[in-house]
């Protein structure tokens, strides 16, 4: 029980972060290999708040998310304003992720590489599911609103979008900040689940897994990435019997998904019914 | 040089060997399940894989000697990749799914720390092989003892102090520099304790440089260190980094003595470092020259066709310690086992005749610090060094 | 009123537009023709802020819009279509139009993120309105199709619908009849005249299909090598030797 | 120390450059970041290691062998993980994910089959030359010259031959390129063989200079950054970017802080991109409307 | 020289072509006339092997054309595609050279290149410019020129007059018979139906994926149906 519970909890926590990247990558079309940094910021901000200052968990959770939002402006404003090509942006944000880790390793309050131990445990499965549900609602609402339309337009054709009066920078920045918020919340949940955090937990490998879940789940879908996030956490566990081979298989599964379902689990599915249709679909998936 | 205890006592390993010719003992009751949470993949798997061999031999020996409480001991492995999040799943799985009675392994301090809450809640004793961070067994904030968490290795302050004092007193080094990995908690701790102890002993630290995990080229920090011409360069880092650092230091003509921590104790450092590590010193948890374990190492090598690292030896010790405690507890109740683990006295294990545990810290007492050197591309035992603790 | 004054744009030595001046009045349909590479599209790009002019001024309703960011230009009431069609290919036809209303909705970020009912209500109304634009161009039956699967001619109409949905004061059409046969051009002609009437629009039209441009533009500007070659009514231009030589070809004399 | 820092920086930069070239090459045709490149470099290091230490071949032969090995792996990688996506006209994002899958697969295959031990090559080019008090490793000189030589060769190939033109053409429109008679499968085989071959050279140099181990491909991240500095897809850019990154790193390490080095090189990257949004040699081809 | 038998093509579930049969005889100019979405472009891509038909065959000079465009090119077909599809990152000159990718005769290629410049002088002025930055009409000229550089036996032109000025359109339609006179078969899909019919030897009318009529241009130009649906003469 406890084991399944723990895997599910981790899966849902990952899903919250993946939801964030789904906004940025899936709906705004911007690729990123640095979002683990936002998870890290959220984890550290919230953990420091509950650990040193005994801030209530709910508040710490939200502040964790907001902390990531603040940091997202540091990378977002210069790079998105400069209209970097997407590949350049990827590398830039990858470097940014590393830089954040360096900072975490060198601060006193984070206790550096030694890690922060003794964080209170608040992230139980019900809590995590509740947060995930709320986040799904927020993300969905965002997507079906005019802010989501703008993001989708930017993803489809930035130039045409601009000619329709869409401010590219504002749209991308809003998505980045939103995704940072979700990742921050995910990080806060993670910290209060593991009860111990270390900068090495927030590497590019972690960012990669977020991207993998988003793309395998389907660009332009909310439900797909969430399902895939949980699946990708559970997969290595299911493969534990295969022991050494499990990561080999994991890699293979990733390729197979791309080869046989190139638009992901739910690729563009909710997209075609943008607006009312999307709502119907989510309901259907829910049942 | 020879191991301190000199004469060849019959180690449990050798007795296990003789027992193997006997017919297989018959067991009664449910087997006792021991979980092994270990990095089988990832960079740390060099240690993890070897640790697994040591534990397998230990379980074999215990079973051949009739098991524990007449019951067979079975081993369940779970891969941690040395990653804290992964470890939570691995340990949960061992505890909840496999229903193990005790856990051995969790070799890295960070990994052990993320496992601590789980085993504490489940009341499953856990013996860590090589997590040397003092706060694995003790809660840093409250100072309270983690009742179910133990370790078989010595802790970082002890190791840092031992190396510093040995360098100052025995090698007669008056100034030293440090190059460490900021991304590794182990390296950070050891660097700190070495620095403190070396200064306390009367030496000077001429330079303290750091790099980040994954670095391959150390010429820049080494260049800075070279300017300060230290007599000794302390490298509390992994064997891979150590080998590279030594090579590159010699390339840019740094003539200092190199010294390292227990992480150096992998044959890799010899094959990688070659001439550059000649004459270097490091501290170890066991000496391969020790006649007590020489035979065992050979046995392990022939059984698993691989190099043996210290984790194998520590895992073996941990298993014997655990077996003895369960036997004395008379049951597989976690609480009782933990109490017996805590009260272990003068137990005969692979590395020593009298293994004692400090009930206040769950650390082993008087764990010998073996000073090793590298000579003719081989490890050579120098002495067993007991640091003066104030 | 759109007013270009002495506008210049060069690309590494090539003078795409040089010292060009022109005026377009509210409610006018102005034709813009000229040989290939004369600088017509560049002119549109300058007006909409894709390029910054190297010299001269561009003003719209008295405000200088030269070099303004494209999304601000749109806010001033200027919309355009593209010579090389640019639709949101993976979205449906309806979504393509719907997005044009993004600035016309009244809710703000907090209510959007919380998913308040008013968001849904407003969105629904917008969809209805978007449908009327599709009907206008005759695409109502294709509303649910993916825009990328439309044939060339229909894609052009969708672009026009999308531009109209921005409710501009001025619309710039870059070769709207390209890829249409004469019969379809007749339809397009009617469409343009109708929106011109209904929305009291100012239209600037680039076109190489003379059957369209000669019949709906009372005034036409001819561009050559980035400068104005001639200006006048269709009849005047059809008898202008220079225009015939540079652009229309001798055949047109008789037409 | 200044001189030594300079030399150190150039030596590291040379390695980055070599790694960046193969990455840039694949990018220039398929327009995606081939994250499997690092792993193929790692395999190159293993191939070379086995050839020279188990079979006792010389460094030249080992390098050639490694190049052939990685070229084959690289071609297989394309055929199995990218070609199906290509046929479906998938967007670059999907290629990147497939590449990540391939990287994970290959890296863990090495763990399972070879194990996680570290290896070091027998010593080659061990000497060093002293120039005004700075020690220049012979290996670094050899590596830098060999890589410069190959990169020049490759640049000539891409810009001066019909096949090179076809590669650049196909990078924008494979379908139309094939209607002109270009055999896309064949072309990509050449491209991936070349990228693989470069990965092989880079792997062997990395192995000789440092070590061989399963996760050594991670250092390729630096190569990606180098490629961006130079402008992705530009081969001269890859060289210059690599050298610049190497120099910045070694100067920051030497004069500011080793641990904060990555923060500095990252900030430099951002500032550079603010001034030159497509890197030093990258071409911005603004789409004409 | 080109024979199409019962070609049916689907996009997913949508049927774009339904059992189309058509023929281009050696030395012939054949026009395709049809409304937007009738399936002309689909037919042309399928002939070239870029789309896989659900059923039916494309036979070129007695051999079946496989679904491999590069093989079709080798067999002697050339294409100027709809929407131009130039290589924007190559210069004008490199685009032309790509047209001659399969040819080996260096001197001939150079001569043909000069011919193209003679036909479209503006391309010569712009020969080092990236194709992506050309004006729409200039791009169209380059697309046609690139197809001609193939020296094909059969030339497929999909809306070649798109975006060309009236003057250039005249010139283009004057050029088509010239090219044809050198023995090149031409299949022309064109919205400018008058011109397309005037220049052709034979023409097909495509309506929603099927061949509705096949006749000589004279007959089609005088057909009421064609006049009303494609030439803009509305019934009063």
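General observations
Read from first to last, the chains carry the letters A, B, C, D and E; within each, the first residue is number 1.
One rule holds in what follows: contacts are C-beta pairs under 8 Å (C-beta built on N, C-alpha and C of every residue); 3 or more make two chains touch, one makes a residue touch a chain.
Only a predicted model underlies this, so the values are computations on that prediction, with no experimental measurement involved.
Between chain A and chain E, the least number of touching-chain steps is 2. Contact with chain B and chain D alike is made by A.
Any chain bridging chain D and chain E, meaning touching each of them, is among C; the list is complete. For chain D, the chain whose average C-alpha position is most distant is C. One simple way to say how far apart two chains are is to compare their mean CA positions; for chain C and chain E this gives 28 Å. Each chain gets a centre from the mean of its Cα atoms; for chain B and chain C, those two points are 74 Å apart. Per-chain CA centroids place chain C at a distance of 46 Å from chain D. Shown for chain E are the residues that touch two or more other chains, namely 133-134.
Shared interface positions of chain A, defined as residues touching 2 or more other chains, are 102, 105-106, 159, 244, 247. Shown for chain C are the residues in touch with two or more other chains, namely 41, 50, 82-84, 86.
Of all possible chain pairs, the ones that touch are A-B, A-C, A-D, B-D, C-D, C-E, D-E. Contact residues on chain C toward chain E in their complex (touch as defined above): 11, 14, 34-38, 40-42, 83-85, 149-154, 175, 178-186, 208, 210-211, 246-249, 251-252. Listed in rising order, the residues of chain A touching chain D in the complex are 25, 31, 75, 78-79, 82-85, 87-88, 90-92, 94-96, 98-99, 102-103, 105-106, 159, 204, 208, 211-212, 215-216, 219, 244-245, 247-248, 250-255, 257-259, 262-263.
Contacts from chain D toward chain B in the complex involve residues 1, 4-5, 8, 12, 108, 111, 115-120, 123, 128, 135, 137, 206, 209-211, 213-216, 218-219, 249-250, 253-254, 258-259, 261-262. The touching residues of chain D, when paired with chain C in their complex, are 288-289.
Chain B meets chain D in the complex at residues 41-43, 45-46, 49, 182, 209-212, 214, 216-217, 219-221, 223-224, 227, 239-240, 243-244, 251-253, 268, 271-272, 274, 306-307.
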